[in-house]
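By written order: A, B, C and D. Residues from 1 in each chain.
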Amino acid sequence: MTEHIGVALFGAGRIGKIHAGNLARHPHTQLRYVVDVHRPAAEALAAEHGAIVVGIDEALADPGVAAVVIGSSTDTHADLILRAAAAGKAIFCEKPVDLDVTRARACAEAVRQAGVTCMIGFQRRFDPTFAALKQRLDAGEIGTPEVLIVTSRDPGPPAAAYIAHSGGVFKDMLIHDFDIFRWILGGEAVSVHATGGCPNMPEVAAAGDISHAAVTLRTRDGALCQINTSRRAAYGYDQRFEVLGSKGLLQAGNVRPTEVVAWSGDAISSDKPEAFFLERYCAAYSLEIEHFFDALVNGTPVRTTIEDGIKALELAEVATRSWREGKAMECAI
Amino acid sequence: MTEHIGVALFGAGRIGKIHAGNLARHPHTQLRYVVDVHRPAAEALAAEHGAIVVGIDEALADPGVAAVVIGSSTDTHADLILRAAAAGKAIFCEKPVDLDVTRARACAEAVRQAGVTCMIGFQRRFDPTFAALKQRLDAGEIGTPEVLIVTSRDPGPPAAAYIAHSGGVFKDMLIHDFDIFRWILGGEAVSVHATGGCPNMPEVAAAGDISHAAVTLRTRDGALCQINTSRRAAYGYDQRFEVLGSKGLLQAGNVRPTEVVAWSGDAISSDKPEAFFLERYCAAYSLEIEHFFDALVNGTPVRTTIEDGIKALELAEVATRSWREGKAMECAI
Amino acid sequence: MTEHIGVALFGAGRIGKIHAGNLARHPHTQLRYVVDVHRPAAEALAAEHGAIVVGIDEALADPGVAAVVIGSSTDTHADLILRAAAAGKAIFCEKPVDLDVTRARACAEAVRQAGVTCMIGFQRRFDPTFAALKQRLDAGEIGTPEVLIVTSRDPGPPAAAYIAHSGGVFKDMLIHDFDIFRWILGGEAVSVHATGGCPNMPEVAAAGDISHAAVTLRTRDGALCQINTSRRAAYGYDQRFEVLGSKGLLQAGNVRPTEVVAWSGDAISSDKPEAFFLERYCAAYSLEIEHFFDALVNGTPVRTTIEDGIKALELAEVATRSWREGKAMECAI
Amino acid sequence: MTEHIGVALFGAGRIGKIHAGNLARHPHTQLRYVVDVHRPAAEALAAEHGAIVVGIDEALADPGVAAVVIGSSTDTHADLILRAAAAGKAIFCEKPVDLDVTRARACAEAVRQAGVTCMIGFQRRFDPTFAALKQRLDAGEIGTPEVLIVTSRDPGPPAAAYIAHSGGVFKDMLIHDFDIFRWILGGEAVSVHATGGCPNMPEVAAAGDISHAAVTLRTRDGALCQINTSRRAAYGYDQRFEVLGSKGLLQAGNVRPTEVVAWSGDAISSDKPEAFFLERYCAAYSLEIEHFFDALVNGTPVRTTIEDGIKALELAEVATRSWREGKAMECAI
């Protein structure tokens, strides 16, 4: 167990850099290869961490590579999962598995057949605040969970070009919230209703998507979940949820950069939430990579499997249909 | 203007007593009559305020009575409104106008024809916190409202017998929240989706109702509203809402009995919210009565009309159907 | 017990009006007389409450007057206490008893000899937040109290003319905080150190006083208290304290007008504290009058006696000397 | 500038490990030597970071060592500073310089003569919350600072043996708060008053020290500062301060492990503060080391000099005398 796990990293962009930094801190990993179609980015990241820039084939052919970390663009995920599974590598892949559910299921099947570990990067489950809430919920602090309210707002929209190829707000943004729904309520949805619109954001409407969504889910056990999302919150990145249980309520609040409070002639003011996901989930990104490699080292299962990735994707698909058709959908996911 | 407005109060129960106390503080009113089928309650309340116990006819026949305050049981509202309107009295009536929309509309018509003032007791609009939020919203502090999230939970359920005749959770509880929706977003609903269940409250299911509800509304302007309600919150009466606007967010939080904060070996703790509506909306009940009589004295319009009462009732009816039929309802209320 | 207690009110100014309003709400009192050197003010207040304007002698000569409420200027307190005591009336008097300790002690002696009830208006003890903290402290929630930190800041200074005759910041402002010290720690001071200055307030220095003070007290039991005061807080009236005990901490925070929270591009903001003492201690003024007359009705002792008034005044005097002489003072108050 | 700065670390205990970890993250440092009288600790830490265990002389003799980090016990600080200065090394040293002011001044003189950089580890200045407050204060957000209130409480006392040799609470604990006083108010003290006791902590009294202290300082400009400290807070490590300025107030609050809030039948509860200094100032320890080596790399001055260390120590000494003699001390530090 004292040997290092050789790692190939796919994607040298924003998230790839974060994974590389966190890999460097893990005592039992060694980043061997960085793969990116944008060669200069790959070179820079590789140089920083003493790794080598290669192509996909070369990276997967090295028997010293036991694990891959996939942080490249969404349209490359499925192909890389299939090839890594075929090569017998353990896989860490960013969400979503694929925008197409059928294709994502094929990945899950391939992973199963290859018998490799595959973890999907639902990093929010590793956020210290969210994880502490989950632990207290599981410990019975508020009895049985009955209602989950999720607020999930981005500080501002991505470029219109991105939105057009994002798979839509349900697959692009809410997939995380659907995972939170499954994780916190611990049950699958029997009905989904989604609606939304583009108040004050005509550019999103022009891209065929919605900027604001309201989703309601019901579990087999009768628990309810309401999710509200928007592509813009003037005050920053808003990531909160609360669970009403039979014996109380647990809230997971935003994280602030500092604890300074100012009292002026106008109001009493504290910091806005962290700016965006890289800041808000900084600890979570570190903890999920730690979890993945700890699981490999110890031979224990990972907490967010490719099946979790499929389930969240299916909910996103049902929600998309509910919104398009303007009706609640029964489902047995 | 220095003369006193003679008032007849119908209902000497819990809410009647509150109205009587607030009437006593108004400089231009005089409580003349208390009417209640439960004679001892009427006697006690009348004695406390120097009023006389009479029957409905006698109270309405006195030309010195310019206004009636109706705080009796729901099934008496419509009849009293019709008779008071016919007698030319100004009317303050608790919500709902009636559980039957058709009957409620007939009341509105009678009020219109009689040309009398009729105010419905949506006291939440007078709550200092809610009213301040509305004022700041109207002043443009957060731009255009886009999303409204309403949390509205009772500390515990009423008796099963009450639930069976309550008209259902949408007419009994959410009617207030539907009024908040119309008041805050300033627009009517074009679609309504409601769902719910009875997690851990089989006695409510046995009464043919639901204890937990999740409602989604959309306005003509594309604004979204999600309401979550439950008949039980272990920690007390939970009355909050928040509005996301194009330029920011406004939240209206709960009110606590005191500002004591305790730091122990376990946690940092502050007071739970006020116990229930009489405590939480104590100031609001006072302010709504003040508003009603000020309007009478000054000849100005009241803020929560019988039309507002009808609209909220219609939303409750549509929501009930949405829940029963399991589908989103288009509506043009 | 059903008869009404006849009351004479001295002082028809700001505080006199508040007492008159609260008297009106008490079920067993009747305001008979209003006495004020400023006749129009007395007339207006008397008219509002159905009372009569008379002189001091006439008010005290009426055997139907069982109690007096003294809210006139400080320099009249001692004389009125002495005359009311001689007339056998129960006395409610605003703080301070007198600016001169010797004279105040003479009042206490007169009250004792006359055997009348005398309550000093330390209304803060009746503030719901402060009273709840005290109750929890007495219940042992945080063990033995060890350290008390009091923050007591006015929104802005009174007129320079007032300051010159106020008796100085320690007798004028901190007398309330000295009472809080005695009440919360439940022990007398064995040492007092006071210092201060006039940062940015030269007009206070010109009046021979200080605008900012820092006082440290130690009790016989070794508990410590730090009080910080200023004549100006740009954000409003700041009235907080916290008690460290052997098992935890209890904080009494400010009260806000509403629970609205605004999230903007700059910060997350809540209301400033209530503007000044009339708003902040609104409930306390009502509750102290209720307590006084309840005590008279029930023949029970009052909670803030003239001895409490003397003790707080003595501390103010020692603190003044400590500040003037620049050294800590031992004392055995 | 791309070469690495060779570093020798003195002390392989709790704080030494933290410095070693932070050194490892700095892009321009190389930990060469670990020195500790406890050999196994030195060996373990050296092994983890690829360093070598040597003696003091050997470490200082290596011309490849440009800087030393001193995290050994207090009684070794002065000697190591003198020797490192003589060897021309840049010095980072934990507070205090020495318990004896004369000896500490000799160190400062030696550092001055040697012309080496010497930074004292007042890590609190690097805490993100404290640093943000300071920046906003300097930007004029609340006008001129007038009053500083510092609350600084440890979760529990160290061993009695430690207390006996700690130099007393003023040099051991409050030295940090004296530095905060100088840093925030930006002026030196002209008077100091200190008092205290040992409520419920007889073991501290037995060691000749006090467990609870209350200190008041005044600056030449008339600004006031009150510090309250205790060796025990049942709820954890309490590190807060607030500054009243002519235009408002800035507060620096505690940091909580998570943002979970629980609403139960008893109260609304959030996390206690971080457990102790290693958790609370985790980021600060990292940032101070970063600052020190950045300063060396860039040839810029450090923010907390040995002169700052001397000044804080002098205040601790005056405070100790004030407490012992029971009187306020004038000083011209």
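As a working rule, contacts are C-beta pairs under 8 Å (C-beta built on N, C-alpha and C of every residue); 3 or more make two chains touch, one makes a residue touch a chain.
Please read all numbers here as calculations on a predicted model, not as lab measurements.
Most remote from subunit C, judged by the distance between CA-atom centroids, is A. In terms of C-beta pairs in contact, B-C outnumbers the other of B-C and B-D. Remark: subunit C and subunit D have CA centroids separated by 42 Å (rounded to whole angstrom).
The distance from the centre of subunit B to the centre of subunit C, with each centre set as the mean of the Cα atoms, comes to 40 Å.
Distance from the subunit B centre to the subunit D centre is 58 Å, each centre being the mean of its Cα atoms.
Among all residues of subunit C, those that touch two or more other chains are 142, 233-235, 247-249, 262-265. For subunit B in complex with subunit A, the touching residues are 142-144, 146-147, 149, 151, 153, 191, 193, 195-200, 212-214, 216, 218, 221-226, 228, 230, 232-235, 238, 244-249, 326-328, 330. Chain contact summary for the complex, subunit A toward subunit C: residues 233-235, 238, 262-272.
Within the complex formed with subunit A, the residues of subunit D that make contact are 128-129, 132-133, 136, 141-142, 247-255, 257-265.
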